[in-house]
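Alright, structures below, take your time with them.
Heads up, the next two complexes both have subunit A, just with different partners, subunit B and then subunit C.
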Partner chain A sequence: MKTKLMTALVAAVMAAGPAMADLKIVDTSYRTGPYGANGIPFSDGYQDYFTLLNERDGGIGGEMINLVECETGYNTEKGVECYEATKGDGSLVYQPLSTGITYQLIPKVSSDKIPLHTMGYGRTSAKNGKVFEWVFNYPANYWDGASHAITHILEQNGGDISDKSIALVYHNSAYGKEPIRTLEGLAEKHGYDLTLLPVDHPGQEQKSQWLQIRRESPDYVIMWGWGVMNQVAIQEAVNIRFPMENFIGIWWSGSENDVKAAGDRANGYKALTFHNIGLNYPVYDDIQTHVVETGKAAGAGDQIGSVLYNRGMYAAMLAAEAIKTAQEIHGTAAITPEMMRDGMENLEMTEEKMAGLGLPGFGPEFKVTCENHGGNGFGAVSQWDAEAGEFKLITEYFQSDEEILGPLIEADSEAYAAENGIEMRCQ
Partner chain B sequence: MFYREAGDFKTSYTEDSQTFPIKFDRYRYYAVLLVAFAVVPFVINDYWVNAVFLPFLIYSIAAIGLNILVGYCGQVSLGTGGFMAVGAYACYKLMVAFPEVSIFIHIILSGGITAAVCLLFGLPSLRIKGFYLAVATLAAQFFLVWTFNRVGWFYNYSASGQINAPERTVFGVPITGAETAPWAAYLFCLVFVVASAIIARNLTRGMAGRKWMAIRDMDIAAEIIGVNPLKAKLSAFAVSGFFVGISGALFFAVYLGAVEVGEAFGINKSFLVLFMVIIGGLGSIFGSFAGAAFLVLLPVLLKNVLVGGLGWPTDLAAHLEFMIVGGLIIMFLVLEPHGLAQLWRVAKEKLRLWPFPY
Partner chain C sequence: MPEQFIWGMEVFLNGLMAGVLYALVALGFVLIFKASGIFNFAQGVLALFAALTLVGIMEGRVPFAHLINATFGTEIHHFGWHVPALLAILLTMVVMVVLAWAVNQFIFRHLVGQEPIILFMATIGLAYFLEGFGDMMWGSDIKKLDVGLPQGVNSVIDEVTYNIFGYGFFIDNLDLWATLVAALLVVALVIFAQFSKHGRAMRAVADDHQAALSVGISLKFIWVMVWSLAGFVALVAGIMWGTKSGVQFSLSLIALKALPVLMLGGFTSIPGAIVGGLIIGVGEKLFEFTIGAPYLGGATEIWFAYVLALVFLVFRPQGLFGEKIIERV
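Our next item is the complex of A and B:
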């Protein structure tokens, strides 16, 4: 039986991999499992933008984009399988949308020389390009997010929160643990009380955590959740009548799926974001004509304009811009993963560029350099308006507390470099 | 025609009680070993190692370990994921603390540490049986995962709570870390698999295995004929823990390289390995391999056929995969409740008479 299975496997793999000369982009998505509700809109946005480029512009610089999808189910073993199955034939960039898979892939991409872009997730200290040559996390990272939340709370309290208490409800994994160090550093600086409340995968059971919140009644709750955990947490917060305007989620806890289940009483819930929300951008007209009306929309096509769809589209847009930059640098349309890395490292997002793409003011301006792979750390706060059924930006973009984050990133990345014997670049 | 003992004369007790008494079977076994050691390493690439061979080999060790406990000794355990985590974390702490020692030794030591932990959690088996024991081992599962998440010392206080395998070598060849060559990782695991299978096979057909089986079949009767239940049960827990610990250490260090305890060693892993043992065949070493192959390779195969071959959407394929694997499990268990190993035994009997069945 084993040998039969093996021959069948060989045949299947042979059939699967005809080499393509196009620009190969792999979408490691998850449309199933407890995180599927969040994975679907992101993946739809990511794919639709590349479809738009293919349909409207004939690809990028005359080269068509060959989009390959691989289902990971937010599972690291399947993620590794996906990576190994698709990394051949010059895959340009990986965006796993999972911090766990990111940790698996960091050493692998560094040895295979394929860039990895973890937009707003992954290993924060990858911002230090001196250590992490192949990993990028622009335009913002988790530690920026933690700092944004605290800055927002500071602003609301006139700059003094030394008598306040803050609880962090987090997914008990590498993802959820990321902000703890920053929040502790900021607690020293600003003098607030920090309570840590871990929630185990997949996060459907949070009664005891919210009971504790009810008992200790912290002034603010910050959440690092994903998938079904978000919906449950917001429902629990509603149940204990926690004031929603004091409940702030990271950008992964701020999509429509997360709040809609809790109904009108979720009104006022806040979430961070590093890009704009809503449908009022010229690019959506193009997506409507070239993607939706031609029947080429990814998935069910019902996610367009949702927060995570926008984020997926933003990720695809940044990848496409990096491809353009790489094509300019190397003077060839058919770029390799190595050239793609150069493109990402020299990427500059300006207001004119975004306006030209039909996305005026969609994200912050930033410039990637050899030392800084993480952008400038700008973010904003959005708030859920249950009546209108949408998130609205309530602040301008503001920068994170680089004074606290800089040394933390330096220390963590240098520890990684020492552990793995990496020589510093960019000298 | 095949599998016939005619003309294969045994002249000593050793020959008579060997693992593969039939000549054809014996040569088949040597051929498999030869291919596995001398041919496969030259032809495999990254994908084959990381998606097919490493998971298959590593889960086989875990299934052998659990099979000793559940299949041979009859003690139901739902703590396999937790015990694999013990192996992984022991291996990590050893790798970091003694970087100059060969990874080979670290893996074996992690097996030993897991055996000790497993022994400790096996103590309740002296008082409780069956489903109640399953609940006690379930508690071990949750307790161990919680500990590794909670106590910073286990993950060296890293910010993310993950453990990462640094590069370690055997005879100068990297076995862990990103620079590992596919053949090196494969051969390293293969050595452990073959050694585990041989040790397990010889343990189970010797005195120790007979005691375990006596306990499994009827513990009171076993006690009356002189089997010490304390020694028998605890030795089964220890031996099982040793193999499970080795598989956990390999799973972390060689296969994944970075591990998050809740995700990699959660309750799902315990069930997965238990299903491997049940589908493969309780009380059979071959069954452990067959079960691991069934549950590791089938999803990969289905994915490649449905998405790669037929070009279906990935989400549809992922859902169908669950349904097909689930359906096949039910089908196999209805057709052959004793697992794939029994199916194999029946096939061998049939082949022996083929093509003249009367």
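Our next item is the complex of A and C:
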């Protein structure tokens, strides 16, 4: 009996062998709940890119990608459950698309030695690789975004905004409060007047905030919203006839979903971005051929080319490139999460590389190092063209104000290191 | 006149308008609670489902298209027609009546005589089911809802107040419409409840199920009727809120705005829902304007609404217009 049991056990382990060698990626998606409309296109883009690599290239470096989807509903507890349920199977990286989940996972991934990539969200000071060994937030973070908005306003005003007033309408949460320190620091530097207007979750009722904006007539409004807060804010801005070209949203307030409710009147609304927009890239032909037409698309195929689909695809592409880098460094295709971390820390995205992937000019060039887990802080501004029904990039990629952000990131990350007894790396 | 006072008047008027929108949601809760003693947790989701169905019908969307396409490998999404808003509203009403029938036939018929907490738990289940069902039926994307209601600043009020105060008040046209519709709705509901045969039967059921049954009133019919009415109120609320933000799954969260209104106005009074809504709307907006934004950093409206409701509860637990429960030994 014992021999039979052992034989069965060995057979099971052998059968499981190839599957364990797969490159496991967990898509912590949210297709349900109040934020599902945003979670769906992101997840579709994320999954379709990995499906493309499996179908077209036979995976990465000869290893197939084993993609596992776990629904979080944008709920922090469920996100942590997803992490706990899947971390033991060799998941290479987590990209939770939620600042709340990110904050919960930072201490966990550090002890479990699994990398976390929070692209354009999460804890900004995780850019400091000397403190946050397992966390990455390239190519841009919230503070970069705040700086991008101010740089854009500076450019529009000939470099002098000392007589201007700017209002920040923000989601009253850790996420929404992220840019405040940066905007205050930049206000000291440039002399503009800053008004803070928090909006409570979920943000369906914003009359008080927009009446205040109407009374005080700030020159610019910057928005840090997500979900229904974005749609209502844009509608209220239209209602009070706020000039849309002076209304700038962070990248999480800049998808087609956000301007849909306001219709044509949202024309001219601006949003920041750290990647390009639209369908005009050769990779989409491949996705059409190898993924959509073969019936392997993650969704209905109707989200392809939308802002959030592109962002999901970009997140997957950066993970795939980090896997390739890790495979090169360690000389093996079957990498572990620790090896993946090395790949991420040595990732370099060049224009040549992106063009080779069928994504020329899709994102800024950047290089990750031991000290810098956040890239070079480049971003751009997009604008909603209601007639064409799409956002269009209206600037080149430009860098955030490192003079202001550098010390802020240093101070915040060092305080975190002191609180948690973390020894500095990269010495 | 001091600037702050003029602005305060504008905030007061906008608070009244916001209150009407809260009251629209609260009305649905009151109707069902009044007739059946059920606190309907699913009322917010009913508003969402009604608005989703309305947009789906107006745009000629194929229900369950994603499911059909995934099962049969087809690529159908639209019927190719557009239904006028009024007809679509009527058709949505039919759907809401069918839903009311189904809810009673498959859930509450089997729970007659159960404890209120059991009925409440059933509505929680219903809420989650309906949310998922609506998602499967019409998709999760954000849908623009345009039934022809005007939006944006009312230029007449803007101009008149500018001539008087030197500052033009902002009143949203949509809010004015919501006020008009809510007023008509309340008058119609009160007339129905007081003077129609079915309205009196509804009140009899609300007073005492057993006594109503003993005089030949059909509990089943009354419950279906009340859930249909609540569905109609949910549709109106869904149209008003959905026009502002687009129809999306956050719409179900509007129920949160109704709870302090119910605590204040009472769970059994239709005028209470309206007056409660107005008090909450004005109270939260004026508090934010005078204290919240200048001294507390803003975003005080949600918690202040509950504080206001709690203060009323302490002095009048049944709410302003609720029926006082007297238990005789």
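Note that the second predicted complex is superposed on the first by the 407 of 427 C-alpha atoms of A that agree within 3 Å, B and C clash if a C-alpha of one lies under 4 Å from a C-alpha of the other, contacts with A are read in each partner's own complex, and residues count from 1 in each chain.
Following the convention adopted for this analysis, a residue touches a chain if its C-beta (ideal position, glycine included) is under 8 Å from a C-beta of that chain, and two chains touch if they have at least 3 such contacts.
All figures in this text were calculated on a predicted structure; none of them were measured in a lab.
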Fit-or-clash call for subunit B and subunit C when the two complexes are aligned on subunit A: clash
Contacts of A:Gln235 with subunit B and subunit C, given as first, second, both or neither: second
Partner with the higher number of touched subunit A residues, subunit C or subunit B: B
First (subunit B), second (subunit C), both or neither touched by A:Met64: neither
Touched partner set for A:Pro198, first subunit B, second subunit C, both or neither: both
Partner chain in contact with A:Ser29 - subunit B first, subunit C second, else both or neither: first
Which superposed partner A:Asn172 touches (first subunit B, second subunit C, both, neither): both
Which of subunit B and subunit C A:Gly263 touches, first, second, both or neither: second
First (subunit B), second (subunit C), both or neither touched by A:Ala187: neither
Touched partner set for A:Leu393, first subunit B, second subunit C, both or neither: neither
Which of subunit B and subunit C A:Ser111 touches, first, second, both or neither: first
Subunit C collision site on subunit B, chosen from 77-85, 131-139 or 221-229, when both complexes are overlaid on chain A: 131-139
Shared contact residues on subunit A - subunit B and subunit C: 31-32, 36, 40, 172, 198, 200
For the subunit B and subunit A complex, residues of the former touching the latter: 46-47, 50-52, 55, 149, 159-162, 164, 166-167, 177-179, 256-258, 260, 262-264, 266, 289-290, 293, 297-298, 300-301, 303-305, 307-309, 313-315, 317-319, 340, 344
Subunit A to subunit C touching residues, read off their complex: 31-34, 36-37, 40, 172, 196-200, 202, 204-205, 207-209, 211-212, 214-215, 227-228, 231-232, 235, 238-241, 257, 260-261, 263, 295, 300, 302
Residues on subunit A engaged by subunit B in the complex (per definition of touch): 1-2, 5, 8-9, 12-13, 15-17, 29, 31-32, 36, 40, 69-71, 73, 75-77, 80-81, 84-85, 87, 99-100, 103-104, 107-108, 110-111, 123, 172-174, 177-178, 180-181, 198, 200-201, 299, 412, 419-421
Residues of subunit C that touch subunit A when the two form their complex: 7, 10-11, 14, 17-18, 66, 69, 73, 77, 131-132, 135, 140-146, 151-153, 170, 172, 241, 244-246, 248-250, 252-254, 257, 285, 288-289, 292-293, 297-299, 301-302
